[in-house]
Amino acid sequence: MAAIRASSLHHRYQPGAPPVLEGVDLELRDGEAHAVLGGSGAGKTTLLHLLAGLLRPSAGTIEFDGRDLTAASPAERQVAQVFQFPVLYPALDVAGNLGFPLVNRGWNAAAVRRRVGEVAELLSIAALLTRKPKQLSLFERQLTAIGRALVRPDVALVLLDEPLTAVEPAAKWRLRQALKTVQGELGLTMIYVTHDQTEALTFAERITLLHHGKALQTGSPEALYEQPAHEAVARFIGSPGMNLVDGEVSAGSIRCNGQVLGATAAADGRCALGFRPEWAAVGERGVPVAVRSVRALGTLGGVATGLVTAELGGQAIHVQQRLDGPVGSQARLHIDPSRILLYRNGWLVTDATG
Amino acid sequence: MRANQKAWLAVAPVVLVVAFTAVAPLMTVVNYSVQDIFDVHTRLFVGLDWYRETLRDPRFLEALVRQLGFSALVLALEIPLGIWIARCMPLQGRMTVAFLIILAVPLLIPWNVVGVTWQIFARPDIGLLGAAVTALGVSYNYTSSAFDAWATLVLMDVWHWTSLVALLCFAGLAAIPPAYYQAAALDGASRWQVFRHVELPHLKSVLTIAVLLRLMDSLMIYTEPFVLTGGGPGASTTFLSQYLTSMAVGQFDLGPAAAFSVLYFLLILLLCWLFHASVMKRGDAAA
Amino acid sequence: MSAPNGKAHWSLYLYCLFLLAPLYWLVSMAVKSNRDILGGLELVPGDPTLANFVEVATNPAWYGAFVNSLTYVCLNAALSITVALPTAYAFSRYRFLGDKQLFFWLLTNRMAPPAVFLLPFFQLYSAVGLFDTPLAVALAHCLFTVPLAVWILEGFVSAVPKELDEMAAIDGHSFPFFFFRILIPVIRGGIGVTLFFCFMFSWVELLIARTLTASEAKPIVVAMTRTVSASGLDWGVLAAAGVLTILPGLAVVWFVRRHLAKGFAMGRV
């Protein structure tokens, strides 16, 4: 296992082509489960290929345990990868597939057999060792592919490229569970790339959000949820995402649509106001809003909860709250004043930076 | 898939065309093969006599041995060479299209023009190849030496048909997802292992087609040796089709020629079936 | 060996040289007079002339044969596609009594050596009065082009999702409208590839074409062999005719160059 540090990675596929990555920094502690989250075209797969050594960055460095391996080949880096669909060698059986990386590194047959047995035991696929890939279900194939990624005891980094995409929904949970267990038991450094925030939030200790080739924020799942560093993070995380409405700061108070919503130490000027749907409530106090629809989500602790869609100064907002009584079409919106986040030029304004 | 017997209506034109071009002629051949025909009105049923005679004909047996030797030789050369050529191709880009076109050219030249081209190319007096080989101090003349005739024929067939194998294999290689190569690189696989464990398994179905096509076509070869060597020197390059044609057209031995034809067709069917069955069986065992 | 997406390996250039050398020699012979050809070996023609091409283009025996060849090749391609398309569709979309056996039996016709058919073809086409016409050769070549066309087109039709058929039906289109205005445009690449293969096997064939023609419909390939046996000496004209027979092939391959790799991948076992 290793600690990984990637510094200001830039990449473009051809000189003159638009950049895919623009100065991405990434730091992983030894044994960390890290997720890289982003939409399509964010540069996730390119980042993986750079870390694996399948591509050379246009600029920037990659260090494993402090050693600069920017120019090293995939084999030198001791990196393993699990792909979106199960990549297995069709002519080899499961044992052959699991042992393949070991045989290539000159292990003797007995040692290979012992290690393959251990890994198969760990993933509960010992019964499948003599089967060919064709005879396995999609789930079993992906499990075997994961096994091949884990088989080298000296593996420095395991890359997972949306490994649950091809698996049927019912098996996704089992596979993610297996991955998490193995990651914890072996203390593997893992990077899990996905566009699915649920997968990222449940798998990783820390998440990096990648957006149009830039790493916007790295932090714990809570940090990304509570304090998104950028509007794009705020919108991407959460379902529905954070509400962002136009507002301004004047003389220490936060205003929207002419109403004062709270106080701040930030400097005067226009900004975007951000709040999570559950940080607000539609009711009898606050600023007037026009309610557009109310949708029940279910009950929580015996009380019905729902999603209220409303308009605030012509901008749609979502509020998630208890449905204690009827919500009229003309109501008032109250936002917890301590939780309103301010964004200027896309980035979060903290009181200190003013 | 829907079960629909009306689909036979859609298939009917093909069945009609094939009945006219294949079934009727084949029935005629089978009919001739069991009769002795003196003229249109005088025929005699002779049973399997013509078959017996054909199988005892030393010239038939010699042609058969030559034929099998030739097919085995060109397959052994063309299949590996075709795979190698396909592997050397860049997977995309303008050069790929250029290479594809160059590879396809020999396949589109009339077979007798292939013969003429090589006839000119290999002649010691006016041909580049013939003159070059002679200049190296090797005595070479494909019209007088059986070995030279064979070497020229095999080289010509490789020139003519390796492209087919290469194009098929290229199509197979182009269909392999890049993730397989990436996984192999991360697993520390050598180039040979990439070929053995990634490329070859994915080429299995196109290679089966390539071997089948080359097997049946090489067993039918007629035009190129006819033009290049005329079957000579002596009968050293007389293969089955050439011998059959000389029997049917040259000597009008209808009965023996018909029996020969049936045996010839059955031989090709048998060899293709044996190959196909062995591939399928191994596939099942592996699956 | 190449890496995926890598550059062409040097041995590929060597192989292309091997492919092109005999053709270069053919072209260089075609632009030389017979005296120069027999006079001595020269790598680059010293005194190029178009006289041989003029001879081929102005002699009716030559260009007539050229027209005959193109006629039956086009007839054959049109015929093969016309009968093979509905069949390919049926094999791809329906299950019917004996479908597998029929498909396999069609392919076995590809395994019949043309030499086997010489005699019955001659008698059959004489009997129906088609002997020595381009139509006879076109029909006879269907022996191997039709099974091939069905095989390739079936692959292309199967690659079209069945939902397309259903959508057209839901939209209220008649079957002919769907077939001609929707399906055929979708698989036009496949039709191009099939035409390529029909051309490839009909244009290049000699044995059947020679057997089914005498004088009226004599194709170019036969005209060439008879020149050899008659004079056997005019290498320049022979080479020029040979060069001209390569040109239609080049035109066809240029036409389908984008679909070439895909077309080869479509065959199934």
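We just call them A, B and C in the order they show up, numbering each chain from 1.
Just so we're on the same page, a contact is a pair of C-beta atoms (placed from the backbone, for glycine too) under 8 Å apart; a residue touches a chain by one contact, two chains touch by 3 or more.
Bear in mind the structure is a predicted one, so any value in this text is a computation, not a measurement.
Common neighbours of chain B and chain C under the contact rule above are absent. Seen from the Cα centre of chain B, the chain whose own Cα centre is farthest off is A.
Each chain gets a centre from the mean of its Cα atoms; for chain B and chain C, those two points are 16 Å apart. In terms of their C-alpha centroids, the spacing between chain A and chain B amounts to 56 Å. Chain A contributes residues 49, 52, 54, 73-75, 79-81, 83-85, 87, 89-92, 100-101, 104-105, 132, 134-135, 148 to its touches with chain B in the complex. Chain B makes touch with chain A in their complex at residues 177, 179-180, 182-183, 185-190, 193, 196-198, 200-202, 286-287. Per the touch definition, chain C reaches chain B in the complex via residues 1-9, 11-12, 15-16, 18-23, 25-26, 29, 37-38, 41, 43, 79, 82-84, 86-87, 89-91, 93-97, 99, 102, 106, 108-121, 123-124, 139-140, 142-143, 146-147, 150, 199-200, 203-207, 211, 220-221, 224-225, 228, 235, 238-239, 242, 245-246, 248-250, 252-254, 257-258, 260-265, 267-269.
Listing the residues of chain B that touch chain C in their complex gives 1-5, 7-8, 10-11, 13-18, 20-22, 24-26, 28-29, 32, 84-85, 87-92, 95, 97, 99-113, 116-118, 120-121, 125-129, 131, 159, 163, 167-168, 170-172, 174-176, 178, 181, 191, 195, 205-206, 208-209, 212, 216, 219-220, 222-223, 226-227, 240-241, 244-245, 248-249, 254, 257-258, 261-262, 264-265, 268-269, 272, 276, 279.
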